[in-house]
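I'd like to ask you about the structure that follows.
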Amino acid sequence: MADLEEVLPALAAEMAERTDRGDVANYIPQLGKIDPQRFGIAVALTDGRVVAAGDADETFSIQSISKMFTLTLALGKVGDALWRRVGREPSGNPFNSIVQLENEQGIPRNPFINAGAIVVTDVLLAGHQPREAIGEILRFAQFLADDDTIIVDREVAASEQATGFRNVALANYMKAFGNLQHAPELALGVYYHHCAIAMSCRQLAMSGRFLAHGGRNPATGHSVVSAERARRILALMLTCGHYDGSGDFAFRVGIPAKSGVGGGILGIVPGVASIAVWSPGLNENGNSRLGSIALEKLARAMNWSVFAP
Amino acid sequence: MADLEEVLPALAAEMAERTDRGDVANYIPQLGKIDPQRFGIAVALTDGRVVAAGDADETFSIQSISKMFTLTLALGKVGDALWRRVGREPSGNPFNSIVQLENEQGIPRNPFINAGAIVVTDVLLAGHQPREAIGEILRFAQFLADDDTIIVDREVAASEQATGFRNVALANYMKAFGNLQHAPELALGVYYHHCAIAMSCRQLAMSGRFLAHGGRNPATGHSVVSAERARRILALMLTCGHYDGSGDFAFRVGIPAKSGVGGGILGIVPGVASIAVWSPGLNENGNSRLGSIALEKLARAMNWSVFAP
Amino acid sequence: MADLEEVLPALAAEMAERTDRGDVANYIPQLGKIDPQRFGIAVALTDGRVVAAGDADETFSIQSISKMFTLTLALGKVGDALWRRVGREPSGNPFNSIVQLENEQGIPRNPFINAGAIVVTDVLLAGHQPREAIGEILRFAQFLADDDTIIVDREVAASEQATGFRNVALANYMKAFGNLQHAPELALGVYYHHCAIAMSCRQLAMSGRFLAHGGRNPATGHSVVSAERARRILALMLTCGHYDGSGDFAFRVGIPAKSGVGGGILGIVPGVASIAVWSPGLNENGNSRLGSIALEKLARAMNWSVFAP
Amino acid sequence: MADLEEVLPALAAEMAERTDRGDVANYIPQLGKIDPQRFGIAVALTDGRVVAAGDADETFSIQSISKMFTLTLALGKVGDALWRRVGREPSGNPFNSIVQLENEQGIPRNPFINAGAIVVTDVLLAGHQPREAIGEILRFAQFLADDDTIIVDREVAASEQATGFRNVALANYMKAFGNLQHAPELALGVYYHHCAIAMSCRQLAMSGRFLAHGGRNPATGHSVVSAERARRILALMLTCGHYDGSGDFAFRVGIPAKSGVGGGILGIVPGVASIAVWSPGLNENGNSRLGSIALEKLARAMNWSVFAP
């Protein structure tokens, strides 16, 4: 196996050279301003080491990667009852598709497409004011990353709120089917704010360690979720973490991962490592173009794959 | 970790007691005659041991599990060019859905739904008579299982050919889009015959060893496919192996597997084991009901999961 | 030809006896309170006579019948430019379906399904405050019916506004595709109010006379729309006026008509009559059950059909 | 009203000049050979006169216009029982779409899309050999046109049979749902042959007279179908006769009509005229481009519309 300390800088250098960087998400105005030349990567190993390269300490909008945090919190709150309101199947449709909701009576396919994540957020609102729910999610991210400096970028949240007509449509559509308990605008308010959490690759890699370590924080040994739940979250990341590009990502890279339109991807090698990569340009499925390529190359170099013997 | 020699017989005994066995596939008349009380399981470990229980030596119709054989052969024949004619994404639709084909111009979502497997079969027909193509697939199954007694059950093939109107529709529909090179009836003839291969759990578990062993036969050390290709086939099994129940299976069981409507499932634990289970009753997604449950219980007992640390 | 003065009372009496009255729309709470025993009918002949029977002077919520008023106004305002934003084809889907919008980039199929009518309302908002746009539509209905007492039932509008999550979804979805020029809530506000116009059968039949009379008011001879536009509005009513029951209605009844979930239907016999019928119970397509049957019987008795020699 | 004897030659001359003629159907090889410069038109008035212009006596493949003949025959054979196997709604999809069949359990939307017409043909096969069924349909066309020289163009039928994979898909798909009583290849054989009937505009206009004349042959006074059935067939032609361009055709032209991919259109003005027009180039919905335009101009010139007072 290659030496990660050599692999990462080489990878960052190679990525800096590439010109096929994809397009930065422009449907959220605030995200459209990000410099597409950025590339960062950080790997938190279960042995405690953290290796990083490129713009690994620059924060970016984690967007849909936050759906891992909210799913984990919601499972802690309501357990398997969650699955009465959201499915566990790949969607076969883009992240913001509404077609499937009409055909399946307002039950979203999985918690990682927008509609599913809005339902998960609605679960987290129970008994809370929106501000409290946002606070709970942010504190969970801070706790997992062991870093109190992580914040919500309110400009990004406001930018998405002002232009998120499709998400308004999704939320109201599910409300019409009785699959939201709160007012759509409240669930969406929380949703936009947790999507707007800003983290660096280093912080994000730290926050995923419990998933690589059987549900426990490898530094403290404290359990975040049960080992079984950690495995199940990873299964969902593998089958649903890249929208309608999930199958291709599993085929090419072979590790569970969750992407966000901010250009970040969080990948987990069970027992070994939590990886965060960031490059703002997206491919045709809305996943980081260079981030996907970098993860594929890293996985091959390190022989990291859940499908390897 | 539990002792497999104890776990398997206990599991077979527990399954024999259950009354919620699902319904035997009745759309293929010959399959509808199978006794739903049957249950068999066999595990071929990469250390060479084979452990079995229940009706592990009774043959059954492997049906769609044969799609793993044909995919492996077709990749050997045309390599990544295959992916110009078939996708790698979960379908989000039942195994015999035609809707997606219309929306995506005759390119099936993946090689494990019927439409995709018919395209793969069409690839294997190139330069061959149907009889030769059937022979090649059968010999590959015999070679992998190291057992020359494996045969095609021609009554099952004839039964499916007489009633397979949906598959005729799928094949002709793809032909209309130019995605079949041979006459639809020729591709279907080969397809029905490879689906009608009859194998026991023991034979099937043996045939999957190369996937558990990085592409090599653990007995001989000979390479069947490259390590990378083995991983990629496993990725497809995990994301697409159970039709529109693939996400749920990955969530519950956590190992790559391919099911067939004959009630068989082939599951692979990378580096550890190739597992075949069989019970003819199906669940609502067309996958073996008790087979799925038994694999879930076995995986938990043995701590087998690609998502475990 | 039968004598309308005899036919209508007999028809009203027959309808009063029927017990298969369908279900009153309950998704708008205020509509759910209406007595399902009501039945009214009024026919305004182009010779100036008006014949009525049953509860013909009781007002009801015209709901989607108002889409005829708004379409007529919008065509007057922007002419054929309207057709860049809404189609002219039957939808093949329920009145509140969103699937077609995703497949066709936010362009609704026709101006008589909810999505299409919301676009039409958005057109009427140009240069106006919502209150002014509502006023303009109401005055147009009053003008056509020659009756200044017609009002908007604000309780119904408020009831729909409080529960119209699907319409919020439709409006925001089209906004996401750039097919609404105003804020979705503004267009919806106007939409709910024009749907909540309350009219009696007599008033409604009066309001449709111009369509039966080549675009001119038969009483005054003044032109409301050109003869060609009147024909085209009738064509849309025939092909799209009953949602996904439009084909069946044309087959059974053979006259252009527009229905509303309040249980009203406005039907036009070109050159002869404008007919309004009302019975609150709906059939499976959301059209008045007894209203449809009464129109079928009336058309047969009077030999009224656009397809008759 | 204009004089038809003057209008038709002028229209033919105008159409001869146009260069925007659309593309000839090329998916049936034999049709692809037709000269796109052809244009013919014939009008059979209910007063007995026939006026024609252009290539009105040249035969062409009537294709889907034959679905009017088969629908009329099938209604005569099984009456309203037909509607248990085929719907009466516009499809909202292209003529050869299969999506709707999956969603609606093998029941085609209407008898004028391919799937619906194949079911109708299956009805006509009951108790017959394919050859007899073809003979019955051909004799019906000859009878209606009062012309025994009308034939089936067997080269066109063979050409379609060799390449009609989509129709094979449709037929087998419906067979899978139990909505075909005969073998798919038998129903398709009859279907291809009746679509391959060759007629001139003059013959076609003659064959439609009964629909313009309340179900009776205006020359003999003999009843072909009841007046009510004639009206209902016209209703289906108006709502479904031009596939997913039916709404637009009703809007522009305002008369019931059935088109075929051979470039012919049969239009009916109730009480007045049966019109046949032919120009081989098609528009984006698969309907004759110049034929549609010519009918629109003719209808306007003669003030022919079912929606006119």
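We just call them A, B, C and D in the order they show up, numbering each chain from 1.
The criterion applied here is as follows: a contact is a pair of C-beta atoms (placed from the backbone, for glycine too) under 8 Å apart; a residue touches a chain by one contact, two chains touch by 3 or more.
This structure is a prediction, so every number in the text was calculated from the model and none was measured.
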If chain centres are mean C-alpha positions, then the most distant from subunit A is chain D
Chain centres from averaged Cα atoms put subunit B and subunit C apart, in whole Å, by 55
Taking each chain's mean CA coordinate, subunit A and subunit B are separated, in whole Å, by 32
Cα centroid separation, subunit B vs subunit D, in Å, comes to 47
Among line, ring, star, complete and other, the chain contact graph is ring
Full set of chain pairs in contact is A-B, A-C, B-D, C-D
Within the complex, subunit D is touched by subunit B residues 97-99, 101-103, 165-166, 168-170, 172-173, 175-176, 184
The answer for subunit C against subunit D in the complex is residues 46, 87-93, 100, 109-110, 212-214, 227-228, 230-232, 234-236, 238-240, 244-248, 250-251, 254, 256, 270-272, 300, 305-309
